[in-house]
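Shared chain: subunit A. Partners: subunit B in the first complex, subunit C in the second.
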Partner chain A sequence: MTLAVEFQKVSRHFGQVKAVDRVDLAIAEGAFFAMLGPSGSGKTTCLRLISGFETPTSGTIRIMGEDVSRTPPHLRNVNTVFQDYALFPHMNVRDNVAYGLMVKGVDKRSRLDRAEELLAQVKLAGYGDRKPGQLSGGQRQRVALARALINEPRVLLLDEPLGALDLKLREAMQDELKALQKRLGITFVFVTHDQNEALSMADSLAVFSEGRIAQIGTPADIYDRPATRFVADFVGSSNVLPPGLTRALGGPAAWASLRPEATRLSAAGPVTGTVTALRYQGAGTRVLLTLQGTDIAAFVPAGQPLPEPGSTIGIAFDPAALHVMEGA
Partner chain B sequence: MTAPAILPVRGPGDRFTALIWRQPRVLLALMLGPPLIWLGVVYLGALIALLWQSFYSIDEFSGLVVPEFTLKTYAELLRPQNFDIFLRTVSMAALVSLASGVLAFPIAYFAARHARGRWKAAFYLGVMLPLWSSYLVKVYAWKLILAKEGIVTWAAEATHTTAALEGLLALPAIGGNSLSTSYIGTFLVFVYVWMPYMILPMQAALERVPTSMLEAAADLGATRGQIFRTVILPLALPGIIAGSIFTFSLTLGDYIIPQIIGTSKTFIGMAVYQFQGTAGNVPLAAAFAMIPIVIMLIYLAIARRMGAFDAL
Partner chain C sequence: MLSDRASPGLKLAAGAGLAFLHLPILLIFLYAFTTEEKSYAFPPPGLTTQWFGIAWNREDIWPPLILSLQVAAIATVLALILGTLAAGAMARSRFFGQNQIALLLILPIALPGVVTGIALRSAFSMLDIPYSTWTIILGHATFCIVIVFNNAVARMRRLSGAILEASADLGANAFQTFRHILLPNLGTALLAGGMLAFALSFDEVIVTTFTAGQQSTLPIWMLEELVRPHQRPVTNVVAIVVFLVTVIPILLAYRLTIRGTEIAGGGK
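Right after this comes the complex of A and B.
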């Protein structure tokens, strides 16, 4: 199987700052891949290394098997949907979408026809004559998407694609992007700092921390079996248990993660602590309590009795739900 | 004791602020009133008076202004010697604007897109510094630089390029005895003197073009040249137009540089000066003064039609 994108020991240093540090990465063709991490973790630099706006300090980048480490952006068959969309304000929507074909020298008639087709694909048929300034945020995003797709790239890069949209639109757009990717069969790589977005959209994802990949895997891998404390902390709303507490709860003396959904309240738990807060979440309530100085969340489904804040209680769980992490 | 829901009024400042909160237009009127009165009465009033004068004519025997409406004065503009003044000035202004634009662009581009911190400060200082010295001092300094015995001639001798300089001066119409007595000299000094007025608006316009937009163009396959033509230039156009309005109208109205440097042939500014001063022909001076205004209006209308302000 061909890899759409492959990094071999890729580094990008800015002076003393190691924005990306010896990263190995393999993205399968046709994947919907997410790069997740806090700001400054190197995920955006990785995206820019794929698009060609950054050149690696060392290492090799391959796209569809070809070494592109030194290839400038305009010669890469990769296109980007920018975070701020970067639509050209002086052109109408149709000309924006057709831009990629215009600079290739495709004649006016065919490129505008093709732009109309793409506008229809992103449900913006009839908007061709408008200027980007006359569109809403969601519509602008679709134009940016259509514009990035007109060159039929091998890989489509999306930089925080949903960051600027409000919640409702974001959810609708998630489904739409997913459907679009399936229909086109193009590899999508997107950057996000939103765990839910990464977990719900991607087939596989890489979690970045301080210029390196902390873990790479399917959403289920990452969520259920985080490799390090950082991943568990960042991705989940998972509980991170220090070695002492893991041991007290019946596990080995190692860092472990425990999902709140797998955690029940138990008056007679091996360790008890004080309930600090209740957070209503529709399908149930998240109960926050402190066990041996560590904050723990347990999930109580709707309809079950809830403890009073300030009361003392313990937790219980199926031992199989406890995930011991190799990394510290 | 609990604090009251409404805080006590401390003085006139509080009352005034309250008024502005309730009536935002009061502040607007206070801020815009004085300058609008100035603009309306002093500036537009003077302009209308000028326009008015240009429709009067002068009695050729008595030399007195005849306060009757006539187009005679405008007809005089079409006389060969007056029309030459018009052509000379407008072509000079157009060339000066074009050259300023071409020379200013790389400087403005560097300042807007690459210069940071100290380099930016150095840029502003470098552009503004010439504006701090007197205009006359600069023009006379250039007279010395361009004179036959001046630095340029000396430098040409030192670098054995005298032949090139002489070739330039031997050009018909724009050449002359020395740079300081030729149209080339006038042109060089105009470009030097008005350059900052082209750089600054251009730089401001280029600075507003987000980097991501240039990246988007490159991402879609555009070469540097294509990015320049299809993205940078159209987006910088309002700034270029603004700059060219400065260089164009300043050249149209200037009456000192062509007097000190060049062939001493009359430009519009000099004509206005001569007709209203020495000759006492205020109507003709007014008619000449209308030319730059009309040209600028036409220029702006064309620029607008061509979509120069669409990106604003």
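Right after this comes the complex of A and C.
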């Protein structure tokens, strides 16, 4: 299997700041790969290392097997959908999309025809004569997508592609991007700070923290078996149990994670605590309680009895659902 | 608390100030039409348009006019090339001594013209450069570059850097990015800067007196003409020409930069 993108001990330091620090990464060809992390975690710098706008301080970057560590952006066979899209304001939509072919010297007739084809692919046929300023956010995003695809890159990079869109549009675009990637069969690498977006779109993802990768895996790996407390906290919604509580609940004396969906309420639990809040969530209710000073969430499916806030109750779970994390 | 409305006294003072600034200019226009040719008597004894015809036929006006246009045009072209390049270097990269160099670039417009003039004059004589049209052009280019530089650098800073990256990302080399992305977005700023530079050069007197040698540009011709007693209104006719050649580009430049903000802001 060919690797679309490969990092070997790649670092990018800005003075004292280690934006990316000794990162190893392998993205399979045809993957829909997400780089997830809070701002400042190094995910965007990693994307810019792939596109060539940053050069590594040390380490090797390969794209489709070829060492591109020192190759400038315009000679790399990757294209980017920029955050805020970065459409050329003085050109109409068709010329924006055709730009990549124009700078290659493709004649006007064929490049504009090809631009029209791509506009049709992103459902913007007939918009070629408009200026970017006359389009909505969602339309601009499609133009940016068509523009980035015209050079037929082997890897498409997307920098917070859905960040500027409203919720409804974002969900529709998620499905569309996923379908587009399937149809084109090229590798998509996208950066996001939104864990739901990363988990629902990606085949596999890397969670970044402080310039390093905290965990790489499938969404299920990351969600069910977070490697560290950081991943469990950031990917969210999982309960993080300190060693003392894990032990009191029947596990080893180590940090562990426990999904709310796997947590039941039980009056007979080994540890009991006070119910602090109930949050109705449609398919059920999330019950928040405090056990030995730690906030724990349990999910109660609709139709089952709910405790009163302030009452005392314990929890129970299938021992297999308890995931012990490495490190502290 | 400060009042939003100015007091009548302040309004009066402001009005008087504006009148003091602009009434003399109206008088210049008025005297271009006077029948009195030896002194500027007020009110003019009569009105005539004959001076426009006389000025047209005066052969000593044409060489200074042509020289002034030539100098302004060439100094502007030089300023456009060098000012844009300097702006590119300043806006797109960070390097050691950058602020100092930026200050040096802007200095010629802050320096008194006398200082620039004397400095250039002594430099020319030290290097044995004979006075010519080119020495005038060089003198003017010193401050014309600043005008273009300031306009271009302001626009470049407002321009979203991402569109330059997008261009490189799509395979454009540095020259293609400059030609297809940067230049079109700088267009109005450069046009405005060029027109301002042209206007400044066209009516410049001080630096010119030090660098012109025996030649006269139009403003210098006017200075010399003022001390002569005959056909005085011809000078006023020329003044109207200078006024128009200078003010029209400045007004156009102003309108262009106002509209330019919308164009440059459309990047996001």
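By our rule, the second predicted complex is superposed on the first by the 328 of 328 C-alpha atoms of A that agree within 3 Å, B and C clash if a C-alpha of one lies under 4 Å from a C-alpha of the other, contacts with A are read in each partner's own complex, and residues count from 1 in each chain.
Operating definition for what follows: a contact is a pair of C-beta atoms (placed from the backbone, for glycine too) under 8 Å apart; a residue touches a chain by one contact, two chains touch by 3 or more.
Keep in mind the model is a prediction, meaning the values are calculated, not measured.
Colleague: Are subunit B and subunit C a fit on subunit A, or do they clash, once the structures share the same frame?
Modeller: clash
Colleague: Regarding the shared-chain residue A:Asp84, is it in contact with subunit B (first), subunit C (second), both, or neither?
Modeller: A:Asp84 contacts both subunit B and subunit C.
Colleague: Contacts for A:Pro319 in the overlay, against subunit B (first) and subunit C (second): which applies, first, second, both or neither?
Modeller: Neither partner.
Colleague: Could you look at A:Gly303 and tell me whether it touches subunit B, subunit C, both or neither (first, second, both, neither)?
Modeller: neither
Colleague: With the two structures laid over each other on chain A, which partner does A:Asn151 touch: subunit B (first), subunit C (second), both, or neither?
Modeller: Both partners.
Colleague: Figure out whether A:Pro132 sits in contact with subunit B (first) or subunit C (second), or with both, or with neither.
Modeller: Once the two structures are laid over each other on A, A:Pro132 reaches subunit C alone.
Colleague: Report, in rising order, the residues of subunit A that make contact with subunit B in one complex and with subunit C in the other.
Modeller: 51, 53, 72-75, 79-80, 82-84, 86-90, 99-100, 102-104, 131, 147-148, 150-151
Colleague: Any idea which subunit B residues touch subunit A in the complex?
Modeller: 210, 212-213, 215-223, 226, 230-231, 234-235, 307, 310-311
Colleague: Under the stated contact criterion, what part of subunit A meets subunit B in this complex?
Modeller: My answer: residues 51-53, 72-75, 78-80, 82-84, 86-90, 99-100, 102-104, 131, 147-148, 150-151.
Colleague: Quick one: in the complex, what on subunit A touches subunit C?
Modeller: Touch list, subunit A to subunit C: 51, 53, 72-75, 79-80, 82-84, 86-90, 99-100, 102-104, 131-133, 147-148, 150-151.
Colleague: Considering only the defined contacts, which subunit C positions touch subunit A in the complex?
Modeller: These residues of subunit C touch subunit A: 160, 162-163, 165-173, 176, 180-181, 184-185, 263-264, 266-268.
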